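Have a look at this one before I ask anything.
For clarity, chains are labelled A, B, C and D in written order, and residue numbers in each chain start from 1.
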Amino acid sequence: MTPMMTIEQLAAFFVEAFPGIATERHAGIVEIAPGRVRLRLEPDDASLRPGGIVSGPTQMGLADRAAYAAILAHIGPVAMAVTSNLNMSFLRAVEYAPVMADAELIKLGRRLATVDVRLWQDDPGRVLAQATVTYAIPG
Amino acid sequence: MTPMMTIEQLAAFFVEAFPGIATERHAGIVEIAPGRVRLRLEPDDASLRPGGIVSGPTQMGLADRAAYAAILAHIGPVAMAVTSNLNMSFLRAVEYAPVMADAELIKLGRRLATVDVRLWQDDPGRVLAQATVTYAIPG
Amino acid sequence: MTPMMTIEQLAAFFVEAFPGIATERHAGIVEIAPGRVRLRLEPDDASLRPGGIVSGPTQMGLADRAAYAAILAHIGPVAMAVTSNLNMSFLRAVEYAPVMADAELIKLGRRLATVDVRLWQDDPGRVLAQATVTYAIPG
Amino acid sequence: MTPMMTIEQLAAFFVEAFPGIATERHAGIVEIAPGRVRLRLEPDDASLRPGGIVSGPTQMGLADRAAYAAILAHIGPVAMAVTSNLNMSFLRAVEYAPVMADAELIKLGRRLATVDVRLWQDDPGRVLAQATVTYAIPG
(Lines give C-alpha, C1' and ligand atoms only; values in the text may rest on other atoms or scores of the structure.)
Protein backbone atom coordinates (compact mmCIF):
# COMPACT_ATOMS: atom_id res chain seq x y z
CA MET A 1 0.00 0.00 0.00
CA THR A 2 2.24 2.74 -1.30
CA PRO A 3 0.66 6.15 -1.93
CA MET A 4 0.69 7.31 -5.57
CA MET A 5 -0.34 10.94 -5.04
CA THR A 6 1.12 13.80 -3.05
CA ILE A 7 -0.92 16.12 -0.83
CA GLU A 8 -0.67 18.84 -3.48
CA GLN A 9 -1.87 16.55 -6.29
CA LEU A 10 -4.80 15.27 -4.27
CA ALA A 11 -5.81 18.77 -3.13
CA ALA A 12 -5.70 20.01 -6.74
CA PHE A 13 -7.82 17.05 -7.84
CA PHE A 14 -10.54 17.85 -5.30
CA VAL A 15 -10.71 21.51 -6.28
CA GLU A 16 -11.04 20.59 -9.95
CA ALA A 17 -13.47 17.69 -9.46
CA PHE A 18 -15.86 19.62 -7.20
CA PRO A 19 -16.13 23.05 -8.81
CA GLY A 20 -19.30 23.83 -6.85
CA ILE A 21 -17.38 23.93 -3.56
CA ALA A 22 -15.28 27.01 -2.81
CA THR A 23 -11.58 26.14 -2.55
CA GLU A 24 -11.27 27.28 1.04
CA ARG A 25 -14.19 25.09 2.10
CA HIS A 26 -12.52 21.81 1.10
CA ALA A 27 -11.19 19.76 4.00
CA GLY A 28 -7.44 20.15 4.20
CA ILE A 29 -5.24 17.12 3.54
CA VAL A 30 -2.84 16.99 6.46
CA GLU A 31 -1.01 13.75 5.78
CA ILE A 32 -0.76 10.87 3.33
CA ALA A 33 0.98 7.71 4.55
CA PRO A 34 0.94 4.03 3.47
CA GLY A 35 -2.67 2.88 3.87
CA ARG A 36 -3.70 6.10 5.64
CA VAL A 37 -4.78 9.70 5.12
CA ARG A 38 -5.54 12.48 7.63
CA LEU A 39 -7.91 15.34 6.78
CA ARG A 40 -8.81 18.48 8.73
CA LEU A 41 -12.09 20.35 8.37
CA GLU A 42 -12.75 23.90 9.52
CA PRO A 43 -16.52 24.01 10.10
CA ASP A 44 -18.55 26.93 8.76
CA ASP A 45 -22.03 28.29 9.52
CA ALA A 46 -23.75 25.70 7.36
CA SER A 47 -22.24 23.00 9.62
CA LEU A 48 -23.94 24.22 12.80
CA ARG A 49 -26.86 22.46 14.34
CA PRO A 50 -28.94 23.26 17.45
CA GLY A 51 -26.76 23.14 20.56
CA GLY A 52 -23.88 24.88 18.79
CA ILE A 53 -22.33 21.61 17.61
CA VAL A 54 -21.23 20.30 14.22
CA SER A 55 -24.08 18.58 12.34
CA GLY A 56 -24.27 14.92 11.41
CA PRO A 57 -24.27 15.60 7.66
CA THR A 58 -21.08 17.65 8.03
CA GLN A 59 -19.45 14.74 9.82
CA MET A 60 -20.68 12.28 7.20
CA GLY A 61 -19.40 14.48 4.39
CA LEU A 62 -16.00 14.64 6.05
CA ALA A 63 -15.87 10.86 6.59
CA ASP A 64 -16.88 10.21 3.00
CA ARG A 65 -14.28 12.65 1.71
CA ALA A 66 -11.57 11.12 3.91
CA ALA A 67 -12.36 7.65 2.58
CA TYR A 68 -12.30 8.92 -1.01
CA ALA A 69 -8.98 10.65 -0.37
CA ALA A 70 -7.47 7.50 1.13
CA ILE A 71 -8.48 5.45 -1.89
CA LEU A 72 -7.41 7.98 -4.55
CA ALA A 73 -4.10 8.56 -2.81
CA HIS A 74 -3.35 4.86 -3.40
CA ILE A 75 -4.87 4.23 -6.85
CA GLY A 76 -4.57 7.66 -8.48
CA PRO A 77 -7.24 10.21 -9.49
CA VAL A 78 -10.15 7.89 -10.45
CA ALA A 79 -12.92 10.46 -10.18
CA MET A 80 -15.69 7.98 -10.86
CA ALA A 81 -15.19 5.89 -7.75
CA VAL A 82 -18.51 6.17 -5.90
CA THR A 83 -19.63 5.43 -2.35
CA SER A 84 -21.63 2.21 -2.21
CA ASN A 85 -22.19 2.01 1.55
CA LEU A 86 -21.50 4.22 4.54
CA ASN A 87 -22.19 3.31 8.13
CA MET A 88 -21.52 5.92 10.80
CA SER A 89 -21.76 5.85 14.58
CA PHE A 90 -21.95 9.25 16.26
CA LEU A 91 -20.37 8.78 19.66
CA ARG A 92 -19.84 12.23 21.18
CA ALA A 93 -20.80 15.82 20.35
CA VAL A 94 -18.40 17.53 17.95
CA GLU A 95 -17.58 21.04 19.14
CA TYR A 96 -17.69 23.94 16.72
CA ALA A 97 -13.96 23.84 16.05
CA PRO A 98 -11.67 22.09 13.53
CA VAL A 99 -12.32 18.35 13.14
CA MET A 100 -9.72 15.77 12.16
CA ALA A 101 -10.53 12.62 10.16
CA ASP A 102 -8.16 9.65 10.13
CA ALA A 103 -8.92 7.23 7.29
CA GLU A 104 -7.36 3.76 7.16
CA LEU A 105 -7.73 1.41 4.19
CA ILE A 106 -9.05 -1.92 5.48
CA LYS A 107 -9.21 -3.48 2.06
CA LEU A 108 -8.21 -2.04 -1.29
CA GLY A 109 -9.53 -4.44 -3.92
CA ARG A 110 -9.85 -3.95 -7.65
CA ARG A 111 -13.59 -3.38 -7.52
CA LEU A 112 -14.30 -2.41 -3.92
CA ALA A 113 -12.38 -0.55 -1.24
CA THR A 114 -13.38 -0.42 2.43
CA VAL A 115 -12.10 2.31 4.72
CA ASP A 116 -12.32 2.90 8.47
CA VAL A 117 -12.62 6.60 9.37
CA ARG A 118 -12.44 8.12 12.84
CA LEU A 119 -13.20 11.73 13.70
CA TRP A 120 -11.56 13.50 16.62
CA GLN A 121 -10.72 16.99 17.86
CA ASP A 122 -8.24 17.18 20.73
CA ASP A 123 -7.10 13.63 21.15
CA PRO A 124 -6.95 10.94 18.42
CA GLY A 125 -7.76 8.36 21.10
CA ARG A 126 -11.04 10.07 22.03
CA VAL A 127 -13.05 9.14 18.96
CA LEU A 128 -16.09 11.37 18.28
CA ALA A 129 -17.50 9.35 15.39
CA GLN A 130 -16.54 6.20 13.49
CA ALA A 131 -17.47 5.39 9.91
CA THR A 132 -16.96 2.36 7.71
CA VAL A 133 -17.12 3.45 4.08
CA THR A 134 -17.17 1.22 1.00
CA TYR A 135 -16.41 2.62 -2.45
CA ALA A 136 -17.04 0.93 -5.78
CA ILE A 137 -14.16 1.42 -8.20
CA PRO A 138 -15.04 1.38 -11.90
CA GLY A 139 -13.48 -1.52 -13.84
CA MET B 1 -48.47 7.31 15.54
CA THR B 2 -50.39 10.52 15.06
CA PRO B 3 -48.45 13.53 13.77
CA MET B 4 -48.23 16.51 16.17
CA MET B 5 -46.87 19.12 13.76
CA THR B 6 -48.09 20.56 10.47
CA ILE B 7 -45.90 21.04 7.42
CA GLU B 8 -45.80 24.79 8.13
CA GLN B 9 -44.75 24.31 11.77
CA LEU B 10 -42.02 21.84 10.87
CA ALA B 11 -40.71 24.01 8.03
CA ALA B 12 -40.60 27.04 10.34
CA PHE B 13 -38.74 24.98 12.95
CA PHE B 14 -36.03 23.97 10.48
CA VAL B 15 -35.47 27.53 9.30
CA GLU B 16 -35.13 28.76 12.87
CA ALA B 17 -33.02 25.84 14.14
CA PHE B 18 -30.50 25.96 11.27
CA PRO B 19 -29.83 29.68 10.73
CA GLY B 20 -26.65 28.93 8.77
CA ILE B 21 -28.64 27.40 5.91
CA ALA B 22 -30.47 29.74 3.52
CA THR B 23 -34.23 29.23 3.67
CA GLU B 24 -34.52 28.24 0.02
CA ARG B 25 -31.87 25.54 0.44
CA HIS B 26 -33.84 23.54 3.01
CA ALA B 27 -35.47 20.39 1.69
CA GLY B 28 -39.16 20.99 1.20
CA ILE B 29 -41.63 19.05 3.34
CA VAL B 30 -44.12 17.59 0.91
CA GLU B 31 -46.25 15.45 3.19
CA ILE B 32 -46.71 14.42 6.82
CA ALA B 33 -48.81 11.31 7.48
CA PRO B 34 -49.10 8.85 10.39
CA GLY B 35 -45.65 7.30 10.78
CA ARG B 36 -44.35 8.90 7.58
CA VAL B 37 -42.90 12.06 6.08
CA ARG B 38 -41.93 12.93 2.49
CA LEU B 39 -39.24 15.52 1.69
CA ARG B 40 -38.10 16.97 -1.63
CA LEU B 41 -34.64 18.38 -2.27
CA GLU B 42 -33.68 20.65 -5.15
CA PRO B 43 -29.93 20.03 -5.58
CA ASP B 44 -27.59 22.99 -6.00
CA ASP B 45 -24.01 23.35 -7.28
CA ALA B 46 -22.49 22.21 -4.01
CA SER B 47 -24.34 18.89 -4.46
CA LEU B 48 -22.61 17.98 -7.72
CA ARG B 49 -19.93 15.35 -7.96
CA PRO B 50 -17.89 14.14 -10.95
CA GLY B 51 -20.17 12.55 -13.52
CA GLY B 52 -22.80 15.24 -13.08
CA ILE B 53 -24.63 13.32 -10.36
CA VAL B 54 -25.75 14.22 -6.85
CA SER B 55 -23.03 13.55 -4.25
CA GLY B 56 -23.17 10.99 -1.46
CA PRO B 57 -22.98 13.62 1.30
CA THR B 58 -25.97 15.43 -0.23
CA GLN B 59 -27.95 12.20 -0.18
CA MET B 60 -26.88 11.48 3.40
CA GLY B 61 -27.84 14.96 4.50
CA LEU B 62 -31.26 14.52 2.92
CA ALA B 63 -31.80 11.11 4.54
CA ASP B 64 -30.72 12.45 7.94
CA ARG B 65 -33.05 15.43 7.58
CA ALA B 66 -35.96 13.24 6.52
CA ALA B 67 -35.48 10.99 9.55
CA TYR B 68 -35.29 14.03 11.85
CA ALA B 69 -38.46 15.45 10.26
CA ALA B 70 -40.33 12.16 10.70
CA ILE B 71 -39.43 12.03 14.39
CA LEU B 72 -40.15 15.68 15.19
CA ALA B 73 -43.45 15.55 13.31
CA HIS B 74 -44.54 12.88 15.80
CA ILE B 75 -42.99 14.09 19.08
CA GLY B 76 -42.89 17.85 18.55
CA PRO B 77 -39.95 20.24 18.09
CA VAL B 78 -37.27 18.56 20.25
CA ALA B 79 -34.27 20.29 18.68
CA MET B 80 -31.73 18.32 20.68
CA ALA B 81 -32.54 14.91 19.23
CA VAL B 82 -29.26 13.80 17.62
CA THR B 83 -28.33 11.14 15.11
CA SER B 84 -26.65 8.18 16.80
CA ASN B 85 -26.25 5.90 13.79
CA LEU B 86 -26.80 6.16 10.06
CA ASN B 87 -26.32 3.36 7.59
CA MET B 88 -26.79 4.14 3.91
CA SER B 89 -26.67 1.98 0.78
CA PHE B 90 -26.20 3.86 -2.47
CA LEU B 91 -27.92 1.76 -5.10
CA ARG B 92 -28.16 3.83 -8.28
CA ALA B 93 -26.82 7.17 -9.51
CA VAL B 94 -28.95 10.16 -8.53
CA GLU B 95 -29.45 12.50 -11.48
CA TYR B 96 -28.97 16.23 -11.04
CA ALA B 97 -32.68 16.89 -10.54
CA PRO B 98 -35.05 17.04 -7.54
CA VAL B 99 -34.77 14.09 -5.14
CA MET B 100 -37.58 12.74 -2.98
CA ALA B 101 -37.04 11.14 0.43
CA ASP B 102 -39.69 8.94 2.02
CA ALA B 103 -39.10 8.40 5.75
CA GLU B 104 -40.99 5.75 7.71
CA LEU B 105 -40.78 5.40 11.49
CA ILE B 106 -39.82 1.79 12.26
CA LYS B 107 -39.70 2.37 16.01
CA LEU B 108 -40.46 5.50 17.99
CA GLY B 109 -39.31 4.82 21.54
CA ARG B 110 -38.84 7.24 24.40
CA ARG B 111 -35.06 7.27 24.07
CA LEU B 112 -34.37 6.01 20.55
CA ALA B 113 -36.17 6.28 17.25
CA THR B 114 -35.28 4.28 14.14
CA VAL B 115 -36.34 5.42 10.68
CA ASP B 116 -36.18 3.82 7.23
CA VAL B 117 -35.54 6.37 4.47
CA ARG B 118 -35.67 5.74 0.73
CA LEU B 119 -34.59 8.19 -1.96
CA TRP B 120 -36.12 8.22 -5.43
CA GLN B 121 -36.66 10.51 -8.39
CA ASP B 122 -39.17 9.36 -10.98
CA ASP B 123 -40.67 6.28 -9.41
CA PRO B 124 -41.02 5.58 -5.66
CA GLY B 125 -40.55 1.88 -6.46
CA ARG B 126 -37.15 2.46 -8.06
CA VAL B 127 -35.14 3.17 -4.93
CA LEU B 128 -31.88 5.09 -5.49
CA ALA B 129 -30.59 4.85 -1.92
CA GLN B 130 -31.81 3.38 1.34
CA ALA B 131 -30.85 4.58 4.82
CA THR B 132 -31.60 3.33 8.30
CA VAL B 133 -31.21 6.21 10.74
CA THR B 134 -31.30 6.06 14.54
CA TYR B 135 -31.81 9.18 16.62
CA ALA B 136 -31.25 9.54 20.36
CA ILE B 137 -34.00 11.58 22.02
CA PRO B 138 -33.00 13.50 25.17
CA GLY B 139 -34.78 12.28 28.33
CA MET C 1 -39.75 -9.15 -10.06
CA THR C 2 -41.37 -12.51 -10.68
CA PRO C 3 -40.30 -15.42 -8.46
CA MET C 4 -38.55 -18.31 -10.23
CA MET C 5 -38.61 -20.89 -7.43
CA THR C 6 -41.38 -22.48 -5.39
CA ILE C 7 -41.30 -22.86 -1.62
CA GLU C 8 -40.53 -26.57 -2.05
CA GLN C 9 -37.63 -25.93 -4.45
CA LEU C 10 -36.09 -23.31 -2.22
CA ALA C 11 -36.47 -25.42 0.92
CA ALA C 12 -34.84 -28.38 -0.87
CA PHE C 13 -31.99 -26.14 -1.99
CA PHE C 14 -31.26 -25.00 1.58
CA VAL C 15 -31.21 -28.52 2.95
CA GLU C 16 -28.80 -29.64 0.24
CA ALA C 17 -26.57 -26.55 0.35
CA PHE C 18 -26.14 -26.55 4.14
CA PRO C 19 -25.64 -30.21 5.02
CA GLY C 20 -24.21 -29.30 8.45
CA ILE C 21 -27.58 -27.98 9.61
CA ALA C 22 -30.26 -30.51 10.59
CA THR C 23 -33.30 -30.27 8.30
CA GLU C 24 -35.69 -29.39 11.11
CA ARG C 25 -33.48 -26.50 12.21
CA HIS C 26 -33.75 -24.57 8.94
CA ALA C 27 -36.06 -21.57 9.00
CA GLY C 28 -39.33 -22.45 7.32
CA ILE C 29 -40.27 -20.65 4.12
CA VAL C 30 -43.81 -19.43 4.66
CA GLU C 31 -44.40 -17.40 1.52
CA ILE C 32 -42.79 -16.34 -1.74
CA ALA C 33 -44.35 -13.37 -3.56
CA PRO C 34 -43.11 -10.87 -6.18
CA GLY C 35 -40.17 -9.05 -4.54
CA ARG C 36 -40.83 -10.65 -1.15
CA VAL C 37 -40.26 -13.72 0.98
CA ARG C 38 -41.45 -14.59 4.50
CA LEU C 39 -39.53 -17.01 6.75
CA ARG C 40 -40.39 -18.44 10.17
CA LEU C 41 -37.81 -19.62 12.67
CA GLU C 42 -38.50 -21.86 15.65
CA PRO C 43 -35.73 -20.99 18.13
CA ASP C 44 -33.84 -23.77 19.88
CA ASP C 45 -31.62 -23.91 22.98
CA ALA C 46 -28.59 -22.58 21.15
CA SER C 47 -30.59 -19.42 20.38
CA LEU C 48 -31.12 -18.47 24.02
CA ARG C 49 -29.24 -15.67 25.69
CA PRO C 50 -29.37 -14.37 29.27
CA GLY C 51 -32.81 -13.00 30.05
CA GLY C 52 -34.51 -15.88 28.25
CA ILE C 53 -34.60 -14.04 24.93
CA VAL C 54 -33.45 -14.93 21.42
CA SER C 55 -29.80 -14.00 20.84
CA GLY C 56 -28.51 -11.39 18.39
CA PRO C 57 -26.59 -13.93 16.30
CA THR C 58 -29.76 -15.99 15.90
CA GLN C 59 -31.59 -12.90 14.66
CA MET C 60 -28.73 -12.03 12.30
CA GLY C 61 -28.63 -15.55 10.93
CA LEU C 62 -32.36 -15.40 10.27
CA ALA C 63 -32.12 -11.99 8.55
CA ASP C 64 -29.22 -13.17 6.41
CA ARG C 65 -31.09 -16.33 5.44
CA ALA C 66 -34.26 -14.38 4.61
CA ALA C 67 -32.29 -12.03 2.34
CA TYR C 68 -30.60 -15.00 0.64
CA ALA C 69 -33.99 -16.67 0.16
CA ALA C 70 -35.52 -13.52 -1.33
CA ILE C 71 -32.69 -13.24 -3.85
CA LEU C 72 -32.55 -16.92 -4.83
CA ALA C 73 -36.33 -17.07 -5.18
CA HIS C 74 -35.99 -14.43 -7.92
CA ILE C 75 -32.76 -15.45 -9.68
CA GLY C 76 -32.72 -19.21 -9.12
CA PRO C 77 -30.39 -21.38 -7.00
CA VAL C 78 -27.09 -19.47 -7.28
CA ALA C 79 -25.41 -21.00 -4.25
CA MET C 80 -22.33 -18.80 -4.50
CA ALA C 81 -24.08 -15.51 -3.84
CA VAL C 82 -22.38 -14.21 -0.68
CA THR C 83 -23.25 -11.54 1.87
CA SER C 84 -21.13 -8.44 1.36
CA ASN C 85 -22.68 -6.19 4.01
CA LEU C 86 -25.25 -6.59 6.75
CA ASN C 87 -26.47 -3.81 9.01
CA MET C 88 -28.89 -4.70 11.77
CA SER C 89 -30.74 -2.61 14.35
CA PHE C 90 -32.06 -4.53 17.34
CA LEU C 91 -35.13 -2.62 18.47
CA ARG C 92 -36.98 -4.77 20.99
CA ALA C 93 -36.36 -8.03 22.86
CA VAL C 94 -37.31 -11.14 20.89
CA GLU C 95 -39.24 -13.58 23.07
CA TYR C 96 -38.34 -17.26 23.09
CA ALA C 97 -41.03 -18.16 20.57
CA PRO C 98 -41.25 -18.43 16.75
CA VAL C 99 -39.85 -15.41 14.89
CA MET C 100 -41.03 -14.22 11.48
CA ALA C 101 -38.75 -12.52 8.94
CA ASP C 102 -40.17 -10.46 6.07
CA ALA C 103 -37.61 -9.82 3.35
CA GLU C 104 -38.23 -7.24 0.58
CA LEU C 105 -35.92 -6.79 -2.40
CA ILE C 106 -34.95 -3.12 -2.58
CA LYS C 107 -32.69 -3.59 -5.57
CA LEU C 108 -31.96 -6.72 -7.54
CA GLY C 109 -29.03 -5.88 -9.80
CA ARG C 110 -26.85 -8.20 -11.84
CA ARG C 111 -23.93 -7.97 -9.42
CA LEU C 112 -25.45 -6.74 -6.18
CA ALA C 113 -28.80 -7.21 -4.48
CA THR C 114 -29.99 -5.24 -1.46
CA VAL C 115 -32.74 -6.51 0.80
CA ASP C 116 -34.71 -5.00 3.67
CA VAL C 117 -35.56 -7.54 6.38
CA ARG C 118 -37.85 -7.03 9.36
CA LEU C 119 -38.33 -9.44 12.24
CA TRP C 120 -41.55 -9.67 14.21
CA GLN C 121 -43.51 -12.05 16.40
CA ASP C 122 -47.14 -11.14 17.05
CA ASP C 123 -47.70 -8.14 14.84
CA PRO C 124 -45.88 -7.37 11.55
CA GLY C 125 -46.22 -3.68 12.39
CA ARG C 126 -44.31 -4.04 15.66
CA VAL C 127 -40.83 -4.54 14.24
CA LEU C 128 -38.35 -6.23 16.61
CA ALA C 129 -35.28 -5.83 14.41
CA GLN C 130 -34.52 -4.38 11.00
CA ALA C 131 -31.67 -5.42 8.72
CA THR C 132 -30.38 -4.15 5.40
CA VAL C 133 -28.47 -6.93 3.70
CA THR C 134 -26.38 -6.70 0.52
CA TYR C 135 -25.37 -9.80 -1.40
CA ALA C 136 -22.78 -10.04 -4.14
CA ILE C 137 -23.92 -12.22 -7.03
CA PRO C 138 -21.17 -13.99 -9.00
CA GLY C 139 -20.87 -12.87 -12.64
CA MET D 1 -9.51 1.29 30.15
CA THR D 2 -8.22 -1.34 32.58
CA PRO D 3 -9.63 -4.86 32.27
CA MET D 4 -11.60 -6.10 35.31
CA MET D 5 -11.88 -9.77 34.37
CA THR D 6 -9.35 -12.49 33.64
CA ILE D 7 -9.58 -14.89 30.70
CA GLU D 8 -10.68 -17.64 33.09
CA GLN D 9 -13.44 -15.51 34.64
CA LEU D 10 -14.77 -14.41 31.29
CA ALA D 11 -14.69 -17.95 29.85
CA ALA D 12 -16.56 -19.25 32.90
CA PHE D 13 -19.15 -16.48 32.53
CA PHE D 14 -19.86 -17.43 28.92
CA VAL D 15 -20.30 -21.10 29.70
CA GLU D 16 -22.73 -20.30 32.50
CA ALA D 17 -24.65 -17.57 30.64
CA PHE D 18 -25.18 -19.61 27.48
CA PRO D 19 -26.07 -23.10 28.73
CA GLY D 20 -27.50 -24.07 25.32
CA ILE D 21 -24.04 -23.96 23.73
CA ALA D 22 -21.67 -26.84 24.38
CA THR D 23 -18.55 -25.69 26.25
CA GLU D 24 -16.16 -26.73 23.51
CA ARG D 25 -18.10 -24.73 20.91
CA HIS D 26 -17.55 -21.36 22.61
CA ALA D 27 -14.97 -19.13 20.95
CA GLY D 28 -11.74 -19.27 22.94
CA ILE D 29 -10.56 -16.09 24.65
CA VAL D 30 -6.94 -15.74 23.63
CA GLU D 31 -6.04 -12.39 25.15
CA ILE D 32 -7.47 -9.54 27.24
CA ALA D 33 -5.55 -6.24 27.16
CA PRO D 34 -6.47 -2.61 27.94
CA GLY D 35 -9.25 -1.71 25.52
CA ARG D 36 -8.88 -4.95 23.56
CA VAL D 37 -9.80 -8.62 23.45
CA ARG D 38 -8.80 -11.39 21.02
CA LEU D 39 -11.01 -14.45 20.43
CA ARG D 40 -10.40 -17.60 18.40
CA LEU D 41 -13.15 -19.71 16.86
CA GLU D 42 -12.78 -23.28 15.63
CA PRO D 43 -15.53 -23.62 13.00
CA ASP D 44 -17.72 -26.71 13.01
CA ASP D 45 -20.03 -28.31 10.45
CA ALA D 46 -22.87 -25.90 11.15
CA SER D 47 -20.55 -23.05 10.11
CA LEU D 48 -20.04 -24.32 6.57
CA ARG D 49 -21.67 -22.72 3.57
CA PRO D 50 -21.54 -23.61 -0.13
CA GLY D 51 -17.98 -23.25 -1.43
CA GLY D 52 -16.53 -24.83 1.71
CA ILE D 53 -16.16 -21.48 3.47
CA VAL D 54 -17.29 -20.18 6.85
CA SER D 55 -20.82 -18.72 6.72
CA GLY D 56 -21.77 -15.10 7.31
CA PRO D 57 -23.88 -15.86 10.39
CA THR D 58 -20.91 -17.67 11.95
CA GLN D 59 -18.75 -14.60 11.33
CA MET D 60 -21.44 -12.30 12.74
CA GLY D 61 -21.84 -14.46 15.81
CA LEU D 62 -18.09 -14.34 16.40
CA ALA D 63 -17.95 -10.55 15.95
CA ASP D 64 -20.89 -10.06 18.30
CA ARG D 65 -19.30 -12.33 20.89
CA ALA D 66 -15.94 -10.57 20.61
CA ALA D 67 -17.60 -7.18 21.16
CA TYR D 68 -19.52 -8.53 24.16
CA ALA D 69 -16.30 -10.01 25.58
CA ALA D 70 -14.43 -6.72 25.15
CA ILE D 71 -17.14 -4.82 27.01
CA LEU D 72 -17.60 -7.32 29.85
CA ALA D 73 -13.85 -7.63 30.33
CA HIS D 74 -13.84 -3.90 31.15
CA ILE D 75 -17.09 -3.46 33.11
CA GLY D 76 -17.53 -6.89 34.70
CA PRO D 77 -20.11 -9.64 34.05
CA VAL D 78 -23.20 -7.56 33.13
CA ALA D 79 -25.11 -10.33 31.39
CA MET D 80 -27.95 -8.07 30.31
CA ALA D 81 -25.92 -5.87 27.99
CA VAL D 82 -27.57 -6.36 24.58
CA THR D 83 -26.52 -5.61 21.02
CA SER D 84 -28.32 -2.55 19.68
CA ASN D 85 -26.63 -2.31 16.27
CA LEU D 86 -24.21 -4.40 14.27
CA ASN D 87 -22.78 -3.44 10.89
CA MET D 88 -20.53 -5.94 9.15
CA SER D 89 -18.57 -5.81 5.91
CA PHE D 90 -17.53 -9.18 4.51
CA LEU D 91 -14.33 -8.52 2.61
CA ARG D 92 -12.77 -11.87 1.74
CA ALA D 93 -13.76 -15.53 1.95
CA VAL D 94 -13.06 -17.13 5.34
CA GLU D 95 -11.45 -20.55 4.90
CA TYR D 96 -12.70 -23.51 6.89
CA ALA D 97 -10.04 -23.15 9.58
CA PRO D 98 -9.73 -21.29 12.90
CA VAL D 99 -10.77 -17.63 12.77
CA MET D 100 -9.37 -14.87 15.00
CA ALA D 101 -11.42 -11.84 16.10
CA ASP D 102 -9.70 -8.70 17.40
CA ALA D 103 -12.12 -6.41 19.25
CA GLU D 104 -11.17 -2.84 20.17
CA LEU D 105 -13.34 -0.59 22.34
CA ILE D 106 -13.92 2.65 20.45
CA LYS D 107 -16.13 4.13 23.13
CA LEU D 108 -17.10 2.68 26.50
CA GLY D 109 -19.86 4.93 27.83
CA ARG D 110 -22.21 4.34 30.75
CA ARG D 111 -25.14 3.49 28.52
CA LEU D 112 -23.62 2.56 25.15
CA ALA D 113 -20.39 0.91 24.10
CA THR D 114 -19.10 0.77 20.53
CA VAL D 115 -16.55 -1.80 19.43
CA ASP D 116 -14.54 -2.31 16.24
CA VAL D 117 -14.01 -6.00 15.42
CA ARG D 118 -11.79 -7.44 12.70
CA LEU D 119 -11.63 -11.07 11.65
CA TRP D 120 -8.50 -12.65 10.24
CA GLN D 121 -6.85 -16.03 9.77
CA ASP D 122 -3.19 -15.99 8.84
CA ASP D 123 -2.25 -12.34 9.05
CA PRO D 124 -3.89 -9.71 11.32
CA GLY D 125 -3.21 -7.14 8.60
CA ARG D 126 -5.24 -9.05 6.01
CA VAL D 127 -8.71 -8.36 7.37
CA LEU D 128 -11.42 -10.81 6.24
CA ALA D 129 -14.37 -8.96 7.76
CA GLN D 130 -14.89 -5.81 9.80
CA ALA D 131 -17.75 -5.14 12.18
CA THR D 132 -18.81 -2.13 14.21
CA VAL D 133 -20.93 -3.31 17.12
CA THR D 134 -22.90 -1.17 19.58
CA TYR D 135 -24.14 -2.58 22.87
CA ALA D 136 -26.69 -1.01 25.21
CA ILE D 137 -25.66 -1.35 28.85
CA PRO D 138 -28.50 -1.48 31.39
CA GLY D 139 -28.56 1.51 33.78
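Keep in mind that, in the parts below, contacts are C-beta pairs under 8 Å (C-beta built on N, C-alpha and C of every residue); 3 or more make two chains touch, one makes a residue touch a chain.
These figures come from a predicted structure and were not determined experimentally.
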Please report the minimal path length, in steps, between chain A and chain D on the chain touch graph. 1
Is it true that over half of the residue numbers where chain B touches chain C are used by both copies, so same, or is it different? same
Between the pairs A-C and A-B, the one where more C-beta pairs touch: A-B
When the centre of a chain is set as the mean of its C-alpha atoms, what distance in Å lies between chain A and chain C? 34
How big is the gap, in whole Å, between where the Cα atoms of chain B centre and where those of chain C centre? 28
Centroid from C-alpha atoms only, then distance chain A to chain B, rounded to Å. What do you get? 22
Multi-chain contacts in chain B, i.e. residues touching at least two other chains, fall at 84-85, 87, 89, 134
Please categorise the chain-chain contact pattern as a line, ring, star, complete graph or other. complete
So, in the complex, the side of chain C touching chain D is made of residues 17-21, 44-51, 56-57, 60-61, 64-65, 79-80, 82-90, 93
The chain D residues in contact with chain A across the complex are 85, 87, 89, 91-92, 106-107, 109, 114, 116, 118, 127, 130, 132, 134
Contact set on chain D toward chain B in their complex: 84-85, 87, 112, 134
